[in-house]
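Some notes on the structure that comes next.
Letters are used for the chains, namely A, B, C and D, taken in the order the chains are written, and counting of residues starts over at 1 for each.
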Amino acid sequence: MNKLLEKLVKKHIECSKDGHVAEYIPELARVNPYQLGISVHDGTKLISAGACYTPFTLQSVSKPLVLILALMDHGESYVFEKVGKEPTGDPFNSIVRLETYKKQKPYNPMINAGAISIAGLIKGASVDEKINRIVHFIRVLANNQEISVNTDVSNSEKSTGDRNRSIAYFLKDIGNIEGDPLETLDVYFAQCAIEITCQDLANIGMVLALDGKSPQTGEQLFPKQYAKIAKAYMTTCGMYDGSGEFAIQVGIPAKSGVGGGIVAIAPGKFGIGVFGPALNEKGNSIAGLALLKELSETLDLNIF
Amino acid sequence: MNKLLEKLVKKHIECSKDGHVAEYIPELARVNPYQLGISVHDGTKLISAGACYTPFTLQSVSKPLVLILALMDHGESYVFEKVGKEPTGDPFNSIVRLETYKKQKPYNPMINAGAISIAGLIKGASVDEKINRIVHFIRVLANNQEISVNTDVSNSEKSTGDRNRSIAYFLKDIGNIEGDPLETLDVYFAQCAIEITCQDLANIGMVLALDGKSPQTGEQLFPKQYAKIAKAYMTTCGMYDGSGEFAIQVGIPAKSGVGGGIVAIAPGKFGIGVFGPALNEKGNSIAGLALLKELSETLDLNIF
Amino acid sequence: MNKLLEKLVKKHIECSKDGHVAEYIPELARVNPYQLGISVHDGTKLISAGACYTPFTLQSVSKPLVLILALMDHGESYVFEKVGKEPTGDPFNSIVRLETYKKQKPYNPMINAGAISIAGLIKGASVDEKINRIVHFIRVLANNQEISVNTDVSNSEKSTGDRNRSIAYFLKDIGNIEGDPLETLDVYFAQCAIEITCQDLANIGMVLALDGKSPQTGEQLFPKQYAKIAKAYMTTCGMYDGSGEFAIQVGIPAKSGVGGGIVAIAPGKFGIGVFGPALNEKGNSIAGLALLKELSETLDLNIF
Amino acid sequence: MNKLLEKLVKKHIECSKDGHVAEYIPELARVNPYQLGISVHDGTKLISAGACYTPFTLQSVSKPLVLILALMDHGESYVFEKVGKEPTGDPFNSIVRLETYKKQKPYNPMINAGAISIAGLIKGASVDEKINRIVHFIRVLANNQEISVNTDVSNSEKSTGDRNRSIAYFLKDIGNIEGDPLETLDVYFAQCAIEITCQDLANIGMVLALDGKSPQTGEQLFPKQYAKIAKAYMTTCGMYDGSGEFAIQVGIPAKSGVGGGIVAIAPGKFGIGVFGPALNEKGNSIAGLALLKELSETLDLNIF
């Protein structure tokens, strides 16, 4: 496995040249695009290659994880009152369907609108407490107590977050979020700015691969059904408007972020973390996609 | 297994009362809504319960199957020039994105627009030859030489098919289909009117579960990769705009039709055919959904 | 006036170089783009300049005229059941709102969808009789018995009319048109292919300027209210998705066609016909717009 | 005229029963819906009937007026970089086209998005100065130095203005407004909360009827061309998504507001102010519409 990963990193890092790093905040814009790292957890240990220790921010990879925390806080029926279950084929920051969808809620929690709605559900007496609860949950999932929010990034997200503010106020207008939209966004910006590595993502992926069980302790960290929900969403809409293509080409649940991270899951087998900051036009790591495609073929991971 | 299926049919046929049969053509409108049948192929044999011998028409269940035939006729790269890979969240007969999507092709082959585009790709010197090739392919998949088109249904589909004609002419206008749109629709209406039973669907599902291999002969009936593609589409957009919900609740690839049929697949394990003509508001068999949910939970079929 | 028109033609014909003739049918594609003609009827006589005798086809200029005939055939309340009264800001051939508008009818009769709906309302025992009634009506309005359909053009319109067929079948599907959609389109294609000159358009414009009275005989050719309706539509949506700009820049009711014609009206004063086949990107005569802007300013025609 | 107005008020106040007052802020919700007033300025004097002294807030009636001030501040070419010229057929608070329109600006300044964009253009060193400049301009137009902002209303607008905040942040995101979106909204909420009467509106309408001249002094208060622009917009999109219908039924430039006010103009002849707080489903005064229709017919005001 180790040799395989080394070979795949070496081969696919090349296509980083065809992508671009996210440029809407300086912290992302100045990242070296020519990086690629992978870490695979096989239930017992981590096998890694490339830039596997390089920290980056979760960004949208946080969406299915915070969803699980919201499900733990409120249960399925309340959460599904707030967000739908269907993929959209629209860009991640689209606002159109909030106006046109008669049910007046985001189609799913993997697009920004739905993720902001979910951020609004996290319990806590203050913004800080909510953020702390999310960070704590990610630490548990990643089995890494060092994880924290990169406040430079969250501040930058906040200062450039006009589209997200537009979405949040629309959600407020249709009664989808209850508190102050700007406080909800503070939680959302912070969850996006949590800093992790491929190895952290691989551990998180392994927890999902085990339907919520810790690979370290065997403890059920959250209900199995919530793992299934998260992985179903990851499959139908985890890769922005490139989710269908990913299902066809790679065939495993995964969630990407514009920080260049992807968490992917071979159910029952592997948790996979990838980092490749050069993105394609849909916002997915271009080298990460290529690497995962070959990894899935080589190890026969396609779940369909 | 036999007892389980009997029990599930008996339990879930009740919710047929909450649905309605499709009413746009007389042949569907006069079907008794209070029916439920299931057939499961385990790789060796069929186990069935309820209305498992009742014939019904494939309707949209034909879409992934004719897609496979088009892939065999033209290969992936040409087919994907014609149809996209992404789910939409829109109703099955929506035309909006043909105008708004800058790539000027249907988002995927599971919605009507994409399926009509695919029907236009089937090789054959005449409409009849194209239809015959499709029927022959379905017979092979179902291991049943008796399967044929119900011409009363295809004629009715044709006489009420104004929305599909609108879609076909739009596809022609944007250069997506090449021949006569009305001849393409003749193929499409015929594929929808192919008459099968749950047992046929279970066999078809088993071929997909075996990635293209016949459970009878072990012969590779079509390339493994095309089975993966079909099952990926079925997962992200096989159940109309209820696909995401199905992925969350049942968690297996499936395709439904307004004739009440559903083909579902437990990869490597089972091919499943369901018939329940009472539909929910999205066009999926209401009792079929309930039955599949419990079946998936009981047998732990969820692939995520 | 004569000198003014000569001067304006000479000045504004230049900007024909910035436009392009319509190219979807050969008869339009081979028209010399560098032409400009104008004819103004002042209630007593015609004053003309430039290409005022060159025949061209009505195309969308027919829309408000056939609307008046439909109003005469059925009255306001029935016609307004079939088409709405609101401008859309969408391209003339857009189909999106037929799906998204809950009232399931075209927004107005100046876009293709609405004009096809209106063509379906014209009384007559056969397609030919309907077309003859329209031609007769145009002859009366233009005070020219020589006017007829250019059948080469109508045949070409028909052979390339896939988008319009898509629209017509959609209208049929939502119950907006009653007869055979293809026969309705035969009427529509014929009305678009009626051949006229600037002088004819100026006479038609004068009838509208006089609220339905013939400038020759003083006879009320159609009810005053229908003239008001036609001119209101021409103001809010007569120049495709450039109608608002035309209202701001020129300020008079007008209707353009992709044949290069524009009929414009200074209520109570002038009927104006313009021909300039080079079109801007919205389908309006580019030199015609420039000429009408200066004419409106010079003669203080702006009605606002 | 006086008797006519009295008669019309008495007759049309009845249909107030079929409408409802705006209810999104308490100040509007508690207005007595059964009121109707009209004031007509004939260039020399005001003739009034009904609730012509009752103060109400401008709301959207402010939109064309602040547009004129923005044109005076920046000129046409800069203003039209920020807002388009086309009607939309969409509800006043729609956000969809900000995402779908490739030019990334509001279609016109009569919908909320465009009006907020325009509010962002008003010159002034501070929010207060901008508001004061608007109030001053309205006072001049109305020839009434008593006019001021109802701060209870502007505070209520602000506290319930989540949809407008969503729009403003979207405008910020696409670079359409430059300053702080919330400060821009403070200007916008204040302009909507300016309190006037029918008599004020009639005077404002008369200034527009005279293409910018004061009926009192003959002074040109703003350029004639800006009056033409305002009246063109009022005709194509002044009455929300009921503008086309108003053009057909009444046929004069007008702008309505959810406070129940309508300013209407018979160019060269009359300025008209109406107040009827019971609104139809599109947000226009239901009794006001009926009254204006009969007034237009009786005095032959239709400009088409």
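Methods note: a contact is a pair of C-beta atoms (placed from the backbone, for glycine too) under 8 Å apart; a residue touches a chain by one contact, two chains touch by 3 or more.
Values in this document were obtained by computation on a predicted structure and should not be read as measured data.
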(Q) Just the number, please: Cα centre separation of chain A and chain B in whole Å. (A) 32
Q: Let me have the rounded angstrom distance from the C-alpha centre of chain A over to the C-alpha centre of chain C, please.
A: 54
Q | Rounded Å distance, chain B centre to chain C centre (Cα mean) | A | 46
Q.
Give the residues of chain B touching no fewer than two other chains, as numbers and ranges.
A. 100
Q: Have a look at which chains touch which and call the overall pattern line, ring, star, complete or other.
A: ring
(Q) Applying that definition of touch, give me each pair of chains that meets it. (A) A-B, A-D, B-C, C-D
Q: Report the residues of chain B in contact with chain C in the complex, numbered from low to high.
A: 94-96, 99-100, 162-163, 165-170, 172-173, 181
Q: Would you pull the chain C residues touching chain D in the complex into a rising list?
A: 84-90, 97, 107-108, 227-229, 231-233, 235-237, 241-245, 247-248, 251, 253, 267, 302-304
